[in-house]
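Each of the two complexes below includes subunit A, the first together with subunit B, the second together with subunit C.
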Partner chain A sequence: MWGFYFSELVRSLPFFIKGLWMTVAVSGLSLIMGTIIGFIWGIMRTSKNKVLRYLIGAWVDLIRGTPFLVQVFIVFFILPGIGIELEAFPAAVIALTNLAACFICEIVAGGILAVSSGQREAATASGLSAYQQLRYIILPQALRTILPPLVGQYVLLVKDSSVVSAIGVVDVTRVGWLTVQRIPEGIMVFGLVGILYFVICYPLINLSNTLERRMTVAATKL
Partner chain B sequence: MISFKNVNKWFGDLHVLNNINLEVEKGEVMVVCGPSGSGKSTLIRCINRLEPIQEGEIIVDDMKVHDKKTNMTQIRAEIGFVFQQFNLYPHMTALENVTIAPVKVRKIRKTEAQELGKEILKRVGLGDKIQHHPAQLSGGQQQRVAIARGLCMRPKIMLFDEPTSALDPEMIGEVLDVMVDLAKEGMTMIVVTHEMGFAREVAKRVVFMDDGQIVEVAPPKEFFTNPKSERSKVFLNAIL
Partner chain C sequence: MLETFNFRVILEYMPLYMQCFAATLWLSAVSLIGALSVGIIACAMRLSAFRVVSSISGVYIESIRSTPLLAQLYFFYFGLPSLGIMLPEWVTGVFALTLNSGAYYAEIVRSGIQAIPNGQIEAGIASGLNYFQRMRYIILPQALGMTIRPMLGQAIVLVKDSSLLSLISIMELTRAGQLLTSDRFMPAEGFLTTAAFYLIIYYMLKGFSSWSEKRLIFREAH
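Presenting the complex of A and B:
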């Protein structure tokens, strides 16, 4: 039987590749938008505006303190109740983008705060505007702290994207669920699912490690 | 050039500047000394509003620093500030450190700024270090780059906040030499320092602060040989 299921599985490969593509699409879009929003929030979180800082802080805590599955359900099942009807795909992308933005916001804010206050003072004293300070003095230094955990976070978010299968997005996890009903070899089917996630995540893990090493070297040189 | 009128500043309950009145003329070199916590760093940090004041007036080159509506960019461009901890930008070369503000604030062309930067780095004795990053330079060299960074803005005033306190003893001389040259060229300078040799050589007046107050203002010779107040005597005995 095992041989039969295996050849069935091989014949289902195109279905898995489609699912993989969906996983890449959901997480890729969310990571790009989440990174942009996360940087903006992170910068706001370290700004002088107390209201802004508090609001973003509260939102980030709320999102970090609730299960992602619940957040996905809220976007997909509960928002329609107040008139916002969404397909599964955009709902998934919105929920994951928000999650990514919240985690990235914390990483970015941490990186900015790690730059010594003397840097900002020196830049202020020479007449650089707040934007110029951020652009030329603070962010280039903060990026050294930000990049390794940022890429590490990408790995976590790609894996978290599996949760969106729960609202019917046919990502690689969902493909696993559907396939295992035809091919009742759980280990084989979900082994393949796992391998496909690993194929995306492994290069990112490597990148994160490389960045970490490089940033450490750069930091000791500074 | 710089004038303090009835300036008061508090950090919470701490009265860190207590009714400060002071005039600094164009081309004058003034040394500020006093025990730690006496408010001397705060005094000069108020001049470019790194610290805001709560009461009184600070006027720099006819511009009102105490007025919240004053656009500080222009004033700050005219004031070079040298920190105890150098605060060079670690991700930039020496040349980039000294040219960033001229290019971004003064809006002069990059090539022009680089020419100026090379010339000034040469003047502080670092003509061969322009492509070095701060981490590749000694403390004394870093502080000279920091001075050059201030000078590249062609400032009217240079402020020094304990510029030699973080340096190894053998590097203090090279930094003081640059400052003495600058003083002799007629730069308006306020220097917070305990380097009494420097004060003797170039300062027109020494300001002694204690507890947020200006206790004594006198020419260096007079201050060192014949201090008026008890507190100055105690302080001088401790450091000389």
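Presenting the complex of A and C:
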């Protein structure tokens, strides 16, 4: 029986590859947009505008304090109630982008605050505008602290993308769930699902570790 | 949306929510205790001088960290029965949560232990302290102080992750929201109430985290 299930599983491999593409599409899109929004929010979070700082901080807290599954349900089930009809895919991308933006915002804000205040003062004294300070002094130095946890966050987000299978996005996890109804060998089916996630996540984890080592070395050289 | 927001229904479902709130709390608490124990054991194994022991723990930690919790949950939920092991859903859920968070706790504990400079351990050996005395009086007090924040952070993640248990039909907070959605078709009332309950836990843990930073005095190494 085991051999039969195994060959069945091999035959449904194209289905799994399709699911893998869906996972890559959902998380890739959300990561790109989330990084852009996260950087903007992170810069705003460290700005002098108190209201802005407070608003972003409160929003980030709300998102960090609730499970992603609940957020996905809220986007998918509640937005139609206020007139925004969404398919599962855009709903998933919106929810994941927002989650990514919130986590990246915290990382970026932390990185900016870690740049010593003397640098900012020196930049002001040299007559650089606020934009020039950010572009040439603050961000290049902050990136050193931001990059390793940013890549680490990407791993978490790729994994979080599995949750969107709950609203019917046919990603790897959903494919596994559908397959296991037909091939009742959970270990085999979800072992394969695990391997597919591992293929994406493990190199990213290693990249994050390498960046961390490199950046620490670079910082001590400075 | 707010005009039609039905507080009466929420009140009507409040007993269910309280019951589910309690369920989320104890499911998380049991998993947290389990995860801490698994984490400490896995970390001790990871730091072991025996190659085999340390690589077993390494494989466990890496494979958990590179795959999503939902895939792990389905792995056990669909996989254990095919091995002939029949467990109630909540046991499977707690088991998966425990193993998942255990891997993260192992990494947190390890980073805490490895942050202690080698000289202190050598000094401990030179003063004639045995392994357990070194652990008890030198390493653990410092490591705990350094890791209390990431540990509470992981506890927050664990509580949020417990929402995935609703997908294998365990009664907890997210499931209550799903019930309200399917019984009355009131997703806004259902999921926003669910989110509010999670926020209560989040703010409590977050408050405890900043309190512990101020109040719990762990002497730093000089």
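A few notes on this one:
Keep this in mind: the second predicted complex is superposed on the first by the 222 of 222 C-alpha atoms of A that agree within 3 Å, B and C clash if a C-alpha of one lies under 4 Å from a C-alpha of the other, contacts with A are read in each partner's own complex, and residues count from 1 in each chain.
The working rule: contacts are C-beta pairs under 8 Å (C-beta built on N, C-alpha and C of every residue); 3 or more make two chains touch, one makes a residue touch a chain.
Quick caveat, the model's predicted, so the values are computed rather than measured.
In the three-chain model built by superposing on subunit A, subunit B fits alongside subunit C with no clash. In the superposed model, A:205 lies in contact with subunit C only, and not with subunit B. In the superposed model, A:3 lies in contact with neither subunit B nor subunit C. Within the superposed three-chain model, A:197 lies in touch with subunit C and out of touch with subunit B [touch as defined at top].
When the two complexes are superposed, the chain touching more residues of subunit A, out of subunit B and subunit C, is C.
Contacts of A:165 after superposition: subunit C is touched, whereas subunit B is not reached.
By the document's definition of touching, of the two partners only subunit C reaches A:185; subunit B does not. Angle at subunit A (Cα centre) between the Cα centres of subunit B and subunit C in the superposed arrangement: 100°, in steps of 10. In the superposition on chain A, contact of A:82 is made with subunit C only, not with subunit B. In the superposition on chain A, contact of A:14 is made with neither subunit B nor subunit C. With chain A fitted onto itself, subunit B and subunit C come no nearer than 23 Å, counting C-alpha atoms only. Taken together, the subunit A residues at the contact with subunit B in this complex read 116, 118-119, 121-129, 132, 136-137, 140-141, 221-222.
Across the complex, subunit B meets subunit A through its residues 48, 50, 72-74, 76-77, 79-81, 83, 85, 87-91, 100-101, 104-105, 133-135, 146, 149-150, 153.
Interface of subunit A with subunit C (complex): residues 61-62, 64-71, 73-74, 77-78, 81-82, 155, 158-163, 165-166, 172-173, 176-177, 180, 184-187, 189-191, 193-194, 197-198, 201-202, 205.
Within the complex formed with subunit A, the subunit C residues making contact are 1, 62-63, 65-72, 74-83, 156, 160-164, 166-167, 174, 177-178, 181, 187-188, 191-192, 194-195, 198-199, 202-203, 206.
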